[in-house]
Amino acid sequence: MKIVLTGAAGRLGGICREPLSKMCDELVSTDRVDSIDGLAANETYVKCDIGEREPVHALLEGADMVVHFGSIADEAPWGDILHSNILSAYNIWESAYQHGVKRIVFASSIHAVGMHKKHDFIGVDAAHRPDTYYGLAKCFTEDLASLYWDKRGLETVAMRIASASGKVCNSRALGSWLSDGDLVQLVQKSVTAPTTGFTIVYGVSNNDRAGLDNSGASALGYRPKDNAEEFAAEILANAPPQNNQDPEDMCHGGPFAVVPLGESGVEMIKARSVKT
Amino acid sequence: MKIVLTGAAGRLGGICREPLSKMCDELVSTDRVDSIDGLAANETYVKCDIGEREPVHALLEGADMVVHFGSIADEAPWGDILHSNILSAYNIWESAYQHGVKRIVFASSIHAVGMHKKHDFIGVDAAHRPDTYYGLAKCFTEDLASLYWDKRGLETVAMRIASASGKVCNSRALGSWLSDGDLVQLVQKSVTAPTTGFTIVYGVSNNDRAGLDNSGASALGYRPKDNAEEFAAEILANAPPQNNQDPEDMCHGGPFAVVPLGESGVEMIKARSVKT
Amino acid sequence: MKIVLTGAAGRLGGICREPLSKMCDELVSTDRVDSIDGLAANETYVKCDIGEREPVHALLEGADMVVHFGSIADEAPWGDILHSNILSAYNIWESAYQHGVKRIVFASSIHAVGMHKKHDFIGVDAAHRPDTYYGLAKCFTEDLASLYWDKRGLETVAMRIASASGKVCNSRALGSWLSDGDLVQLVQKSVTAPTTGFTIVYGVSNNDRAGLDNSGASALGYRPKDNAEEFAAEILANAPPQNNQDPEDMCHGGPFAVVPLGESGVEMIKARSVKT
Amino acid sequence: MKIVLTGAAGRLGGICREPLSKMCDELVSTDRVDSIDGLAANETYVKCDIGEREPVHALLEGADMVVHFGSIADEAPWGDILHSNILSAYNIWESAYQHGVKRIVFASSIHAVGMHKKHDFIGVDAAHRPDTYYGLAKCFTEDLASLYWDKRGLETVAMRIASASGKVCNSRALGSWLSDGDLVQLVQKSVTAPTTGFTIVYGVSNNDRAGLDNSGASALGYRPKDNAEEFAAEILANAPPQNNQDPEDMCHGGPFAVVPLGESGVEMIKARSVKT
Amino acid sequence: MKIVLTGAAGRLGGICREPLSKMCDELVSTDRVDSIDGLAANETYVKCDIGEREPVHALLEGADMVVHFGSIADEAPWGDILHSNILSAYNIWESAYQHGVKRIVFASSIHAVGMHKKHDFIGVDAAHRPDTYYGLAKCFTEDLASLYWDKRGLETVAMRIASASGKVCNSRALGSWLSDGDLVQLVQKSVTAPTTGFTIVYGVSNNDRAGLDNSGASALGYRPKDNAEEFAAEILANAPPQNNQDPEDMCHGGPFAVVPLGESGVEMIKARSVKT
Amino acid sequence: MKIVLTGAAGRLGGICREPLSKMCDELVSTDRVDSIDGLAANETYVKCDIGEREPVHALLEGADMVVHFGSIADEAPWGDILHSNILSAYNIWESAYQHGVKRIVFASSIHAVGMHKKHDFIGVDAAHRPDTYYGLAKCFTEDLASLYWDKRGLETVAMRIASASGKVCNSRALGSWLSDGDLVQLVQKSVTAPTTGFTIVYGVSNNDRAGLDNSGASALGYRPKDNAEEFAAEILANAPPQNNQDPEDMCHGGPFAVVPLGESGVEMIKARSVKT
């Protein structure tokens, strides 16, 4: 089995490289950087801008699965999102279809539904309510994947990742944290499931305060093990007070629910030193 | 307390004999064979074709509960299903009513709803969608039980058993397995619950990949302990590839979702050596 | 096009004969009586006990559609229901499948869901809750039809007829009445719809007090024209007081919700001179 | 932080005193009795009839949160319920609003929804169906809290407490038990949650037979640890038989579902020596 | 039949007097004023403050039904609402129960659910979300009525009246208008329905822009005839612009969704000359 | 008031020109052609490729509302859809926001949800299930509009137009037809509604066989007058037989549910002479 991993130089993609290399005969990792370190024996690296059609087509030749983390992982100006997150999605699904790929496992995001209220326990069938251009591109990719499944039988697992920041950094993450270990489990289950059709699943750990309902994706078998609650006392002791009238504190999207769209949103998130 | 157990010579009925014998003063086991081995001290065996009205009436005299596993446990020609699975149901519920039995605990089946998609996390209120004559007879029995509860106050627990094959035999069973231990627990909880009304519950273990939602039967207190996931690596390593367009791989009913109805279905299941 | 009509000698079947004769090239009417009057030019009559397998098989040869009203139209002893309402259903669906019939339009009944409360506005997806053996047989037939659609592509329209008694006879019928004209429209729409799959629809007129929700069957295009409300003043003026604790007055099944099952139920309904 | 605790002399309030004292700088405990024992270092006691407007206003001055257990904890004559459970609620929410209190955590009750059937797995959005004047007052308080949140931004956690009787006393409590430890956890999570808006949560332990669905309050992070099942064998061995036609045995409210309203209900509950 | 009408001197109660007088043998009208004009031949007037227990008890003696419009019909200070809208409800339901009244038809209000969004098409099962003390009292009365039905079999129809202001006065009323004629029909249907149990129904006309879903109360048979749309062109031409961020324009409660609670709310509504 | 109409040279845009000109002070019509005939007195025409950012920005200056029909109205190669249907959407919503436009009324399509089954009565909250690139672009635009409403307060009415082909051409259109008159009404109601937030509504006439549920958009006040049923007899008499296993005949998207994506899909639709 051959797997292609996009976004291999990013934090999340990087975490998945070794586990994926053990699950296949051949792992092709790709990203925009010139090279990455620590290649596994069965891993090769190909530099590729997935926003470009031809290189993606070449990249996916012979692949059985694609694990797709490659795209801007933050709010960004529209033009950048268009290139790296929207056009890249078309390039990947269309190439995958043409090459007979069986399934794409991709990093969607909580920001596809970020404007829902945090105290609404939303399921995997929650309506799209994006909070940013970033979230909008995830919505687009989910719909594209739905189309390729319904019309062409290409499977997708859309992992709506919540707060995959490594550590639990703030009180919002007490509910939304996805530990690195649970991320790896989620990717593994998504790859090894005999069938998935078009499945949406939240990428969130087994947190006491989780406000995301994965029961609709139960057949996938993802059963997270980590729980942000072990950090709760420390986090809450130092947390700034939350405002029950502020979308940042009341919506699943957190700070993305309040920042301006596009470039100025990026700056504001940086300035607030918020890590989502 | 006196319990009557039908299907006592079958695999599932057999598993329940000893636990049931410990829960009552008198256990009457019955099946079509001449005798069964290993009777408990308070257990007697009565040979009976439950498709016949009179013997069933005699059998249930004085009973407090009936645990009903007796019927053909596979797809079969219509005439056989009619006799052993449909007429038997009438015989048992009507006799139970006449004798003042409090509750019937019976082995319904996932095949009563087998045409639902596996990636739909169906609850205990899922509409009937049988996949075979076998499943159709389970639908009939559930409706009959609903009638006897609503009109006559006779309680029923309908256990929609999924894959109670002892071992985890194939990748479908990673989601649908019911271990022998969990089967026993389910029967125990069904018998000892102070009240049940007409309750439907899925007979499935605590599998990571379970696609059946028992939350609607939560008050029954069934909390399975076993998990097919411990066999996942081995099963998946040897599993044939699944086809995401094939009802066998995409429906809760598995192979029953594709085999012809009646006799030829039986043959096909045998020929494929599938154990569901 | 050739249509077979069962139950042609009954009141409802009789109403449909002429309209059906105009919708097809050949109409074969059947019932248990020796003959019926007033055959249309393209109509033939065949005497047939539909509880018998062979005659039904012969009857359906060459048919394109079956309109199935033939069965006992009241509560009856179990053995009678078994023969005329359950075995007949198997005979008809199996024969229809073997002969390549496209669709069966059949008279199901409100009594398949008669134990639901009248003030619950139940939809076409309401769970089965039969109130009598009669209703139980309708549940069985619906499930059989679901099976033949899912596994064999044979279409069914299950018309859950409420109070098709010609006139509005009592206060219950102010909500449940199905006028003769609306019955004919419903059968026509069911026959002419380009596709139906397995569709359930309530056979009820456009009554102000209708407690049955047909929105889920909207695509069928049944739009009833008659309204029992025009008889409300007269009916209510003479109606006996209703008891808000009595299932007869509070359940969709009306008197069937309280009568004993089987033979004694029949007698009680007669004795009360209730027409449902 | 300053917390005001009402009902501090009651059993449940008493359990919460020490844990609450550790979560704040200043704890003001109050009840109708003259004094209470064992004050923590940062705890003061104020005698107060919360049915009176002025004393409550004075009591809440400077408070950040109110934990409200103070009211009659049983069915009672209407006049008593009016004074102690309804007028007190107005006094507390209005005073809290005027003093800028951030949140009220209050003991609502299963009896706000006690007429729902026990075998219906009701969620936190279950419609009000009170079983007594006591339950009616809880409904009123929840609606009042909803109003103060929607119009004035005052947060509330309404803990619908089931059977918080310390020990598991009867078979109903196998499903409805709330252990003292889980009660404390629930109060702690309700106090420390960064935001809650208007949240309803069931106060029930992690019982195998729990018939109450807290998934809608998942973001609160309440994860009970205790399970009444460890007492099941003993309880069931000595339990009187239950009657599947009796609302006491079939409704979430248990005995409250059958006792007369008001004073005579109190007497009947006492006479039956039932502890709910 | 004897009917007692409360609030007979108010605009809505007044409209119902004549129609009610024709539906019964004896109509007892009551209100706080000394007398009312134009008594029908079978109508008597009794002055009564329904916030007082004893007079209400006397008033309802011998009654078969109560039509209850009597209470403050606007936001008001808490004490006034408590007396006239909450205590009065207890007085009426308790007296009705003691006198064996069959049913109470009462004017609940859209303000019991006024904080729901106008573009959410809410059904009769919408959760309580009151917008004022006035709305809160309606919630209380509905819950009280639910209790008296579940425990005591006393029926209620709770008519959640929207904008019953006679004329269509503003753009909100294009959706929420209840014409006088439709009000009368609604009361008639509520009185004559053979059974109602505890039924909630929206009092709204057949407006094109209606945002309230009465399908759940379909069995009551209320079918409004009037449509505010005939006034739309005129109303919209003169309407001030609406603000899509303003709860007044976005919530079902209209101006009640923004006014302060209690006395100051009354003043603000008057000052804005808004008629809801 | 100033309205900008895109797609003014298309059939649907053309139908709306005159009615829109009467609803505003100034109508700016635009399309890709050089000119259009029959300008109203207050109408000007501007040639514009809405896939280009700058011209759109200029076009929307001073506008109060945008009525957006301009985009490819059929399946097309991805690159064309990207330019004309996706980039144009960004251009319009972003420019509208920058210019303070109050609302955009736009032609979404049934093809955003075309893979749902026709016999499922889908509501306005149906999950996106596009059937083509064309449908995918409509999904994107709806999500973009949702984002601009949630984050920026720019209102949208997304009219999911079904079969707006002027005449009823085939049996599918018996359910999906949108008459020209009803289209105009829908646009009028969408423009004049005081508030809309982000509203989705199906553009379908009052057809007997309508399989689309607009109840969720009830507050908009769209009440279609035309009914395709008047053409049913003629259409059905000449319709080719439908195949109950064919997505074309069983899905809301009709032929779009089966054609290949992109260019070849266009050709196939043309070759079949299907007009959807």
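We call the chains A, B, C, D, E and F, going by the order they appear; numbering starts again at 1 in every chain.
Just so it is clear, a residue touches a chain if its C-beta (ideal position, glycine included) is under 8 Å from a C-beta of that chain, and two chains touch if they have at least 3 such contacts.
Just so it is clear, the structure is predicted and the values come from calculations on it, not from any experiment.
Touching chain C and chain F together: E.
Of the chain pairs listed in C-E, A-F or D-E, the one whose interface repeats that of C-F (more than half of its contact pairs identical by residue number) is C-E. Simply put, of D-E and B-D, more C-beta pairs touch at D-E. A straight line joining the Cα centres of chain D and chain F is 52 Å long.
Interchain contacts give a graph that is no line, ring or star and is not complete, per the touch definition above. Pairs of chains meeting the touch criterion are A-B, A-D, A-F, B-C, B-D, C-E, C-F, D-E, E-F.
On the side of chain A, the complex with chain B involves touching residues 102, 153, 155, 189, 192-197, 199, 215-223. Only residues 78, 82, 86-87, 90, 94, 115, 125, 127-133, 135-136, 139-140, 142-144, 146-147, 150-152, 260-261 of chain B touch chain C when the two sit together in their complex. Interface residues of chain C, counted against chain E in their complex, comprise 117-119, 121, 171-172, 174-175, 207-211, 213, 229, 232, 236, 239, 241-245, 249-250.
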